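What follows is subunit A paired twice: with subunit B in the first complex and subunit C in the second.
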Partner chain A sequence: MKWGRAVVHLVMWTAAVACVSPLLSLIVLAFSAQWPFPHLLPSLFTADHLAELLLSPRLVEAVTTSLALALLTTVATLLLVFPAAKAAGLYSFRGREALKLLALMPVMMPAATVTMGLHYFMIRVGLAGTMLGVVIVHTVFAVPYAFRILMYVFEIMGEQQEEQAAMLGAGPLMVFSAVTLPLVMPGMVAAATMSFIISFSQYITTFIIGGGRLLTVPLLLVPHVQGGELHVASVYSLVFIFTALAALVLLRAVVRHYYRETYFLNP
Partner chain B sequence: MKAASKPYLLAAPLVLFLTLTFGLSLGYEISGLTLRHFLAVLWNRDFVVSLVATLSVAAVATLVSNVGGAALAFAMLKARAGGEWVRHILQLPVIMPHLVVTVVVFHIFAQTGVLARLAWWLGFIDGPNQFPLLVFDHLAIGIMLVYLYKQIPFVAMVCFDSLRGISHRFGDVGENLGATPWQVATRIYLPLLKPTLMATALITFAFAFGAFEVPFLLGTPLWRTLPVEAYLLHINIDPDAQARSMAINVIIAAISLGLALVYSSTVREVSHVRHSDGERP
Partner chain C sequence: MARITLVGVAKAFNDKQILDRLDLDIENGELIALLGPSGSGKTTLLKLIAGLDTPSAGRIEFDGSDVTLVSTRHRQAIIVFQDHCLFPHLTVKENIAFGLRARNEPRATIDRKVGEILEVVQLPGRQNSLPHALSGGEKQRIALARACVLKPRALLLDEPFSNLDVNLRLSMREFVVSLQRVLKLTCVLVTHDKEEAFVMAERVAVLLDGRLEQVDTPENLYDRPKNKKVAEFLGEANFFPGVMADGVFSCALGSFTTPWQDTRQAVGMVRYDNVQLRRHTGNALGKIKDKVFAGRYTFYKVALAAGGELMASCKESFAIGDTVYVSCADHAMQVYRE
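Our next item is the complex of A and B:
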């Protein structure tokens, strides 16, 4: 029995260390100036390059574009998914399972494959190289996560409250703004969070449809990985992680401020 | 009272959007995609190697991440209160983008990476060349390390949440009747966990099968995964190569569709509440 507990703790500690050490190694790498082969730690730590890299106009452009794409994708995803998730969560109808399967497809379909196929269409209608074209493709891959979350929220919510409000004389707009929206708001935040992260991490979709006209953080990062410039890559990686985290914390804070809901915020 | 068409109207925009994007992605736009291209692709030795390699990498990554993830979930459950803090930490790999994990794997496992330096200090090797090739290697170890870092915590989190939802009375009864902890885990909880593992296995397989960035950046020059192969043909200016790229993409899409159908037919999700039937007054 004692032995069993030791194994349990060994497994958990190994997992915890393995989860955290990549982030730590990225931070060490970002602050290293010289790190020749046999040395276990950098021989020189500095933050000089860091400031230079962080203030470069290309990085500023990439962060701005990434944030804009992620925000637009989030809005587009929520607008498309909200009604469909409501249908799947509240009503039983012929085709409900088919709808769920369709909304799951982007998880199963490789992004590279779908994007290459769409590329020809996008070129013909002039969407290739535009923000709208990229947002459309990002939205495809954000849909399944947002759909799942909101469908469950609608299932839990039921429709009694909406019916009661309507019975008491509230119009459709009033029901939506005073009853439905506040009830599903925590789920909306979770769905928005996922959509944002999905869009923010896209590489091949942005690369193919953007056609070199749109520079995002992943697009800035990849050439440095290919070139083996891991120091620069680590700085961009940290920017990538912390920009996404900051945006999400801000989003949650704004919603929390309005709704003062603290429960059920995690997907 | 309620119009029967209401759910259809609500779902219409999303259904339209997804069927249009998926439909248009099947290559109608590329002129001259004929059966000839499919045959040319299927007849090619490189394609067969790619297909087998892609499926193998996905299968190994799926097997290891699901066995590892389930084992970790059991350990977390066994640790009772201790499992909670590990669950918080597991969220980190899940939100870390694949590209960033790729950078880290490169940094730690390359021949001049952290592990090679450690091996040098310990006297196992005399120089970087003696360290085994773990990135850009034929066995795709570097690629799989990225998948495992992302997927083991994902599987563990889903399994842990699922196990937590199962009453611990089952296990208590088993223990009372004299089952060993191993028997409790494998005979009682593992069967209860099977639907969850089926879902995570399909999702991890589909991801590893279709991923682009990771094999593109960490892959061996000897063979390529199918999506990378398709991409390199796609950016070729030769129209015939582009048609072959599309043929490969259609084959990838067919396999993915198969996975999705298996998912929807085997994974019956337990609904949280009973559905209203839509005809209630």
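Our next item is the complex of A and C:
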């Protein structure tokens, strides 16, 4: 027992350190002015890069676009995935296994392959270089993950709760809003988080479909990393991390708020 | 509260017959038990009555009107499942109010009815608890309250006590019977537990392999199982092959009068507790081979001198190896024509 606990703690703390330590080095890098070779820490700190970059109009534009894309992708993904995941998780029908496999296809192939194919198609229908086009391609890559998550949640939930609600006289709308939705809400939050992160961190797909007309945070970040401008790259990385984090915290807060305040039966 | 009538109700899944043309009349306000082993189709039948599934053939009537195609939502037949199925995200009050909300009853009425039913199930003061904070018995009582508060036309209980421990199960049985009488509900209890069916129900319907083999009062069912299948299912029965002629059935235990006059092979059945063991007089000679003490009774395995074995349960005490006389009253011998 004792050993088991020690192992759990060891794994937990290792994971925590592994996750947080790169962030620390990013912060240090973002504030460093001079960092000569053998020193463990920079010899001079400054907030100049940060101030300069944070106020640049390009960064504001990139953050806004990234957030908008991620939000739209999340909504589109959830709308698409909810009915499919419910069907695959709860009901048995012909072709169910095929559907499960098909839903995974976009991530089983290299992203570039899928995107190239989609690009050709989007040029023809005039969606290349548009917001909608990029949302569609992000959604393609978010769907497999969100689908899997929600499908398992539906499998765990089972049909009985909905059946019980119907026997008590609830119509389809009440069954959905008062029983199904609250019960799968944790899965919805997980699926939404996943979709949001996937969209937020897309690089190659945004690059190809957006054709450079849509500027997102990864598009701003990657050239600086490749160009060796580590101060700039680390500032952008911090912005990237904290924007995503803030959006997710906000998402959870909204869900909590919704469920506490307007909880459908609470007097 | 409704009279429920099943007319030729059948159900098949992928060519497999689950229920085979059942006819059953359940009186208004009656508590009937559907007794059968697992896989006999009990739960399927319950789902058909509740409208969670549609029969492949036949029809279901409530008070004489056909409800076979009426949706679950409008049928007012509520199943209380073994695992209670309370909505985990709603409080006790919200759970019980669920059906009333669905009917758009005014808030004041809902509050009053929830309060009343919580008194009836003896759990006032748990209004704001969430289901996970309740004990197993409390959950089951809230699930019953949630169904009963709607005064459903049929209350359907699907093995509702099998997750509870023994003492709680006994008190829940009494509780449900009194609840059903107070609210005058038509109630179908599905169970695989003979004792539960006998103790609770006014009539018991034995369902074996999708067929209703016998629908009868507990007394009749126990004393006079209609056929060998039912007797075997109810258990604690000895079977003796024999011959029937001129109204007399003869087997290893002796001769017994029967109502039939024809001559043929037959099987006689005697319950363990109808077998009498005596030291000096009786029909057939035997020897005690084994004994098991079970509290109220001791079970004896007796080897008959004429060949064959039988089981008897009685209060008298014998030792292994004792010689005994075995006999059985005329009325205790059920004869089945094969």
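The definition used in the following text is that the second predicted complex is superposed on the first by the 234 of 267 C-alpha atoms of A that agree within 3 Å, B and C clash if a C-alpha of one lies under 4 Å from a C-alpha of the other, contacts with A are read in each partner's own complex, and residues count from 1 in each chain.
One rule holds for everything that comes next: contacts are C-beta pairs under 8 Å (C-beta built on N, C-alpha and C of every residue); 3 or more make two chains touch, one makes a residue touch a chain.
In this text the structure is predicted, and so the values were computed from the model without any measurement.
Comparing subunit C and subunit B on the residues of subunit A they touch gives the larger count to B. When the two complexes are overlaid on their common chain A, residue A:Q161 makes contact with subunit C while staying clear of subunit B.
Shared-chain residue A:V179: touches subunit C; no touch with subunit B.
Look at A:A170: by the touch rule set out above, it reaches subunit C but stays clear of subunit B. Once the two complexes are overlaid on the shared chain, A:P38 sits against subunit B while remaining clear of subunit C.
On subunit A, the surface touched by subunit B in one complex and the surface touched by subunit C in the other have no residue in common.
Put simply, subunit C touches subunit A in their complex at residues 50-52, 71-79, 81, 83, 85, 87-90, 94, 97-99, 101-103, 107, 146-147, 150. Taken in their complex, subunit A has these residues touching subunit B: 4-5, 7-9, 11-12, 15-16, 18-20, 22-23, 25-26, 29, 37-40, 79-81, 83-84, 86-88, 90-93, 95-97, 99-121, 123-124, 136-137, 139-140, 143, 147, 152, 155-156, 158-159, 197, 200-201, 203-204, 208, 218, 221-222, 225-226, 228, 230, 233-234, 237, 240-241, 244.
Residues of subunit B that touch subunit A in their complex: 4, 6-11, 13-15, 17-19, 21-22, 24-30, 71-72, 75-76, 78-79, 82-83, 85-86, 89-90, 92-93, 95-104, 106-108, 112, 114, 116-118, 120-121, 128, 149, 152-153, 156, 181, 202-203, 206-207, 209-213, 217, 227, 230-231, 234, 245-246, 249, 252-253, 256-257, 259-261, 263-264, 271-273, 275-278. Per the touch definition, subunit A reaches subunit C in the complex via residues 160-161, 163-171, 174, 178-179, 182-183, 265-267.
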